[in-house]
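Below you'll find a set of structures to go through.
In what comes next, chain A is part of two complexes: it sits with chain B in the first one and with chain C in the second one.
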Partner chain A sequence: MKSKRLKQKVWMYALMIFITVLTVGPFLITLFMAVKSPGEGIYDRIIPNDPTFGNFVIAFNKANFATYFLNTVIVTGLAIPLNLLFCSLAAYPLARMDFRGRSVVLALIISTMMVPFQLYMAPLFQLSGELGLRNTHVGLIVMQVSTAFGIFLMRQAYLRVPRDLEESAYLDGANKFKVWYMVVLPLVKPTLVTLAIFTFMGTWGDYLWPLLNSTESNKYTLSIGLAQLSQNFDGSNLKLISAASILTTIPTLLIFIWLQKYFISGATDGAVKG
Partner chain B sequence: MEREPAIIQNTKIKPVPKKISWGMKQITPWLFLLPSIAILGVFLVYPIIEAFKWSFLDYKIIAGSGEFVGLDNFKEIFSDKYFWNALLNTIVFLLMVLPLNVFLPMILAVLVNQKIRGAETFRVLYYLPVITPMVVAALMWKMLYSQSGIISDLFLKIGIFDSPTNLLVQSSTALVAVSAITVWKGLGYYMIIYLAGLQSIPRDVYESADIDGASIWQQFTRITIPMLTPSITLVSVMTIIAGMKVFEEIALTTGGGPAGATTTLVMYIYAKFNSLDVSIASAAGLVLLVLAIGASLLQMKMTSKREDDLRA
Partner chain C sequence: MKKKAAKKFVAGSIVAALSMSLMACNKDQASGEKEDNTSKAGELSGEVTLWTASLAGEPFDTYFKELEKEFEEQHPKLDVIIQDVPQNEMEQKVLTSLTGSDVPDVVNLNPHYMSNIASQGGLLDLTNEISDEANNAYVEGPFESGKYDGKLFALPWYLTTTVAWYNDDHFTEAGVTELPTTTQGIYETAKKVTEATGKPSYYPVINDGNTIMEKMVSISNGEPIVKDGKANLKGNQAILEFFELTQKMYKEGMIPQETAEGSIKTGQELYMAGNISLLEGGVTFLGPVESGAPEVFKASKAGQPLNDTNAPVNVAVMNFAVPAKTKNKEAAVALAEFVTNADNQLEFAKVAGTILPSTKESLEDDYFANPGDSPKGLGMLEASKSLSRAEVLIPPTENSADLRAATKNIFTKNLQGKVSPEEALKELEEEWNKAFEKTGEKVTF
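Let's look at the complex of A and B:
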């Protein structure tokens, strides 16, 4: 009986390590590719002979990834606080206040979550041109602030807050805004972090909208810069692409390491997104 | 309205509860909603309405206008063999991804849910693909798939290939190769969904099964899978809805080729947009919307029936 248990355990670990090879392997191969020196053939061997950081320097300086990095940081850095503010504001009356039109607004917001971006990207593209938002950071940011999903997520969080806390604040004479800001918002901090993560992930790696809206290379985000770089997908350019891929992933990796438990708990919150 | 906006008025906390006028009560919620409604109205609702309109027009994006053509755009789509090809590819893609998305992450979840050393670490390692930007994931896999890349090497060694082959450039394998990227990227995410489901199964169910001598496999098929039905539903719906919108992993690896072998509905719409056939793109977008809504309604209905059957 005991040896059977042990055997089972060994198999289990073997399986888990095999899966790790599948999930982590591609990163390692990309990382190895990124540190290959100019003299080394791209597919000669997986582990480089003479590792160098030269490709990262080239990516940053010559391939313009410093600019793309900065653009991405600006867009993401502004999108996160604005999305948190607007979604947490909008969700509050939808969770707590009685007013005419509430159910209509709520139903409308939830139903827009179903609509694929590709349906309305052409009119949106034209609109951004008319509003002068083409090739601007604002043009990318507006698409990330106050998302239907964010409003929905915040509303769910508010609904879990016990009402009596707010009621005692009202008895003390506080107004709705103050109750929201001083009483309710601090209680839903974990959800705010979750939403911040979703906004970060959605904005940092966003591809289709920046691809349409940012046509000038000095306004590219990392995703677009990377996609453009990969137009030439062979030879030593692969080392550069790998280095740029690693550069693009490092910030998400750092944030993941920092806020790991929120990523995990947030995934199930996000499941309602559908 | 004689009052100032509530924000300014109540800087001093007064001990007496105040009566809020009916008017204020109706206006305050809209103040909270204002920024979001303005942004969503302009950048979401307006373009959606326009897309509906464009699909019945012969819209020229350069002229900024178009004439009403009734259902011509839809007729054109439905008589376009490339549209049907794209629809078929989308369905085939979903049929490949769905079972893998339902079962592989479930196995991962069961493994990392064990009370064994290192389970937490494996959980994190399995989640890595999820946090990778899709563009990066697509390019990494494009590299792995290349003719001199590791996958080709490996398949040569174990005898699947006769000569170095890039799976992405063969029309018979391109869609399979692309769907592998999608599955890889989603493994960790769906694993977490299943983990939440697993943690709601009481441990003593397994303990008593253990005492009765049930094998791990029996426990998996008789306890875990039935108890995970709600999670399976959730994962399926999410897979279908996300799978219908699959874009980056195709756009950046095959671009819809070779010879349309990986052109899905979204790639079709994107190609129409690029050739400035925006009315056709809008009409095809509406078809996509209808399919997305239909699929999730059907799925919900089917699974709620299955749950009823289980209860009975």
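Let's look at the complex of A and C:
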């Protein structure tokens, strides 16, 4: 019996180690490539012989990372609170208020998730120009503010909140806004954090829209800098690209590690009740 | 009742969306019709924006800053803005910008992007816009690549031609002293090198199929592979031999399995890892090798493409075009001529280090006859030697995406032995003919 359990454990650990190698392996290989010295070939050996951080400095300067990093931080900093605000506001009536056409509105919002970006990027480009959003930080986040996915996620979270809690707040004299803000919103905090992480990842890594909407390169974001580096005219320097990729990934990684307990619980919210 | 309301809502939304697009279009048209900024006395003024493709960072930033300064000194009332856009997204970005009013004035394109944008009416016809001096300044092949439908839409800038790259350490190990010039020669060389190194040795670059089409034109050496919009492969022994021997090399392990993917990037990775020894590519091929595999870089040597010494070779051109909706036409054309003039092209070629200029005068400079004996210098030397027989081998056509996709699929199938070479060529003919029937283009190449 004991040996059977031990066998199971060994298999379980072997499987976990295998999956860890599969997921962490590419990241480690990128890291090792990034710290290889100029004289060392990227395919010579996996572990660098004479590690250096010089590639990070070169990549940082070459891709104009300081400006692009600042732009990315600004747009991400704007996108997260705005998306949380608009999504949580828009989702509440869809979950709790009875009005004519509610299901049609919900279906329309969700259906926008099926439309490929390429289909509406030209009108969006026109519109952002007409609204004076070209080459502005706000213009870069129009895709990330009030997303259909966010509205759906928040609606699902609201549906899990017991109605009794809201009704008792109404009995105490609270209005709809107060009930939403003081009773319901604190109860869906894990989902808000999940949405914040999704918004962070979407905005931080967004590429095509920031590129289209910026006709001035001083409004470019990190992902565009990375593309400039990898599509360099005389071929890409894989050590620099690896270093730049690591620099771009670090903030995402830190945020995920910081908020992962909320992320795991929030990500499964939508699956519970539809 | 609910259904009715939903229908009304959907209909209302569609009408609103259409009205908004139309209003935006009208407004754009109006702004496109605005008079340009150049004063009537002919003095250039206002703003002119130029987009380069994947030329960000040093040494290019300094080069373009100086270029900008010099042009502004020549035209004190003009403000030049130079921006860089990643090459892969250039076409999409230009097309999108044309739907609005924020259009650049000069854009750096390749002939495929150029012909696609020109076919949609997005580029200014430069035929009667450029000076006589510019008309005669460029090498013929690259200049012709700026034409679409008989009209000139772009001025050529920098070029790269195909050269053969090989790992000299592997060649020495195998006792090979000369590069092959025939398909049979490639087979024999690859066999010797593979026997010596125990690894695959030859990598035929496929990319999206276009490189194989170019190779077929070179191999065919004068006999068109497409004649008046019809595939012309029947009886072409040289191409049949290429299909037969590449299949054989793949089967015998001289061509690596990764060739099925076929991109130059994969070729570069295999070459850097020492897993292949011979391939054809542009002069810029060694860029990543220099930083990624310094030892392989040192062992690299260049030679003429692996065809008959008089066979045509492909030239890849980067050019400058002026979008049709530019608000500063005169300044845009003047800037395009300025950036591509002989002096500036020569300077740019020296800064970039691995490209050739497209003006006749700059090519006569001693720099291209004696570029040094570094691996990159050897590549430049070979490229400039073959420039006299270089041309854009596959003209831009509307159906080029179909042609390329069919070529890639069928060549790969042949390589893997899924079809016989004869069957592959027959299938290729059928696919090409279908693509030409669809568009009705009567091209020959």
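The definition used in the following text is that the second predicted complex is superposed on the first by the 227 of 274 C-alpha atoms of A that agree within 3 Å, B and C clash if a C-alpha of one lies under 4 Å from a C-alpha of the other, contacts with A are read in each partner's own complex, and residues count from 1 in each chain.
One rule holds for everything that comes next: a residue touches a chain if its C-beta (ideal position, glycine included) is under 8 Å from a C-beta of that chain, and two chains touch if they have at least 3 such contacts.
All of these numbers come straight from a predicted model, not from anything done at the bench.
Of the two partners chain B and chain C, it is B that touches the larger number of chain A residues. Judged by the touch definition given at the top, the superposed model places A:Trp204 against chain B, while chain C stays out of reach.
In the superposition on chain A, A:Ala227 makes contact with both chain B and chain C. By the touch criterion stated above, A:Arg100 is placed in contact with chain B and with chain C alike. Of the two partner chains placed around the shared chain by superposition, chain C is the only one that A:Asn237 touches, whereas chain B remains out of contact. When the two structures are aligned on the shared chain, A:Met121 is found in touch with chain B and with chain C. In the superposition on chain A, A:Pro162 contacts neither chain B nor chain C.
By the document's definition of touching, of the two partners only chain C reaches A:Ser217; chain B does not.
Of the two partner chains, chain B is the only one touched by A:Ile29; chain C is not. After overlaying the two complexes on the shared chain, residue contacts for A:Tyr43 are found with chain B and with chain C alike. Under the contact criterion defined above, the residues of chain A that touch both chain B in one complex and chain C in the other are 42-43, 100, 108, 121-123, 125-127, 208, 227, 233, 238. Residues 38-44, 62-64, 100-101, 104, 108, 121-123, 125-127, 129-130, 134, 208, 211-212, 215-217, 224, 227-229, 231-240 of chain A touch chain C in their complex.
Put simply, chain C touches chain A in their complex at residues 2, 5-6, 9-10, 13, 17, 20-21, 24-25, 27-28, 49, 53-58, 60, 81, 83-89, 92-93, 95-97, 99-102, 104, 268-269, 272-274, 284-289, 291-296, 352-354. Residue ranges of chain A in contact with chain B, taken from their complex: 8-9, 12-13, 15-16, 19-20, 22-24, 26-27, 29-30, 33, 42-43, 46, 85-87, 89-90, 92-94, 97-100, 102, 105, 108-109, 112, 114-127, 142-143, 145-146, 148, 151, 170-178, 180, 201, 204-205, 207-208, 222-223, 226-227, 230, 233, 238, 241-242, 245, 248-249, 252-253, 256, 260, 263-264, 267-268, 271, 273-274. Residues of chain B touching chain A in their complex: 6-7, 9-10, 13-18, 25-26, 28-30, 32-33, 35-37, 39-40, 42-48, 50-51, 54, 61, 64, 108, 111-112, 114, 116, 118, 122-137, 139-144, 146, 148-150, 184, 187-189, 192-193, 196, 216, 234, 237-238, 241, 244-245, 247-248, 251-252, 266, 269-270, 273, 278, 281-282, 285-286, 288-289, 292-293, 296.
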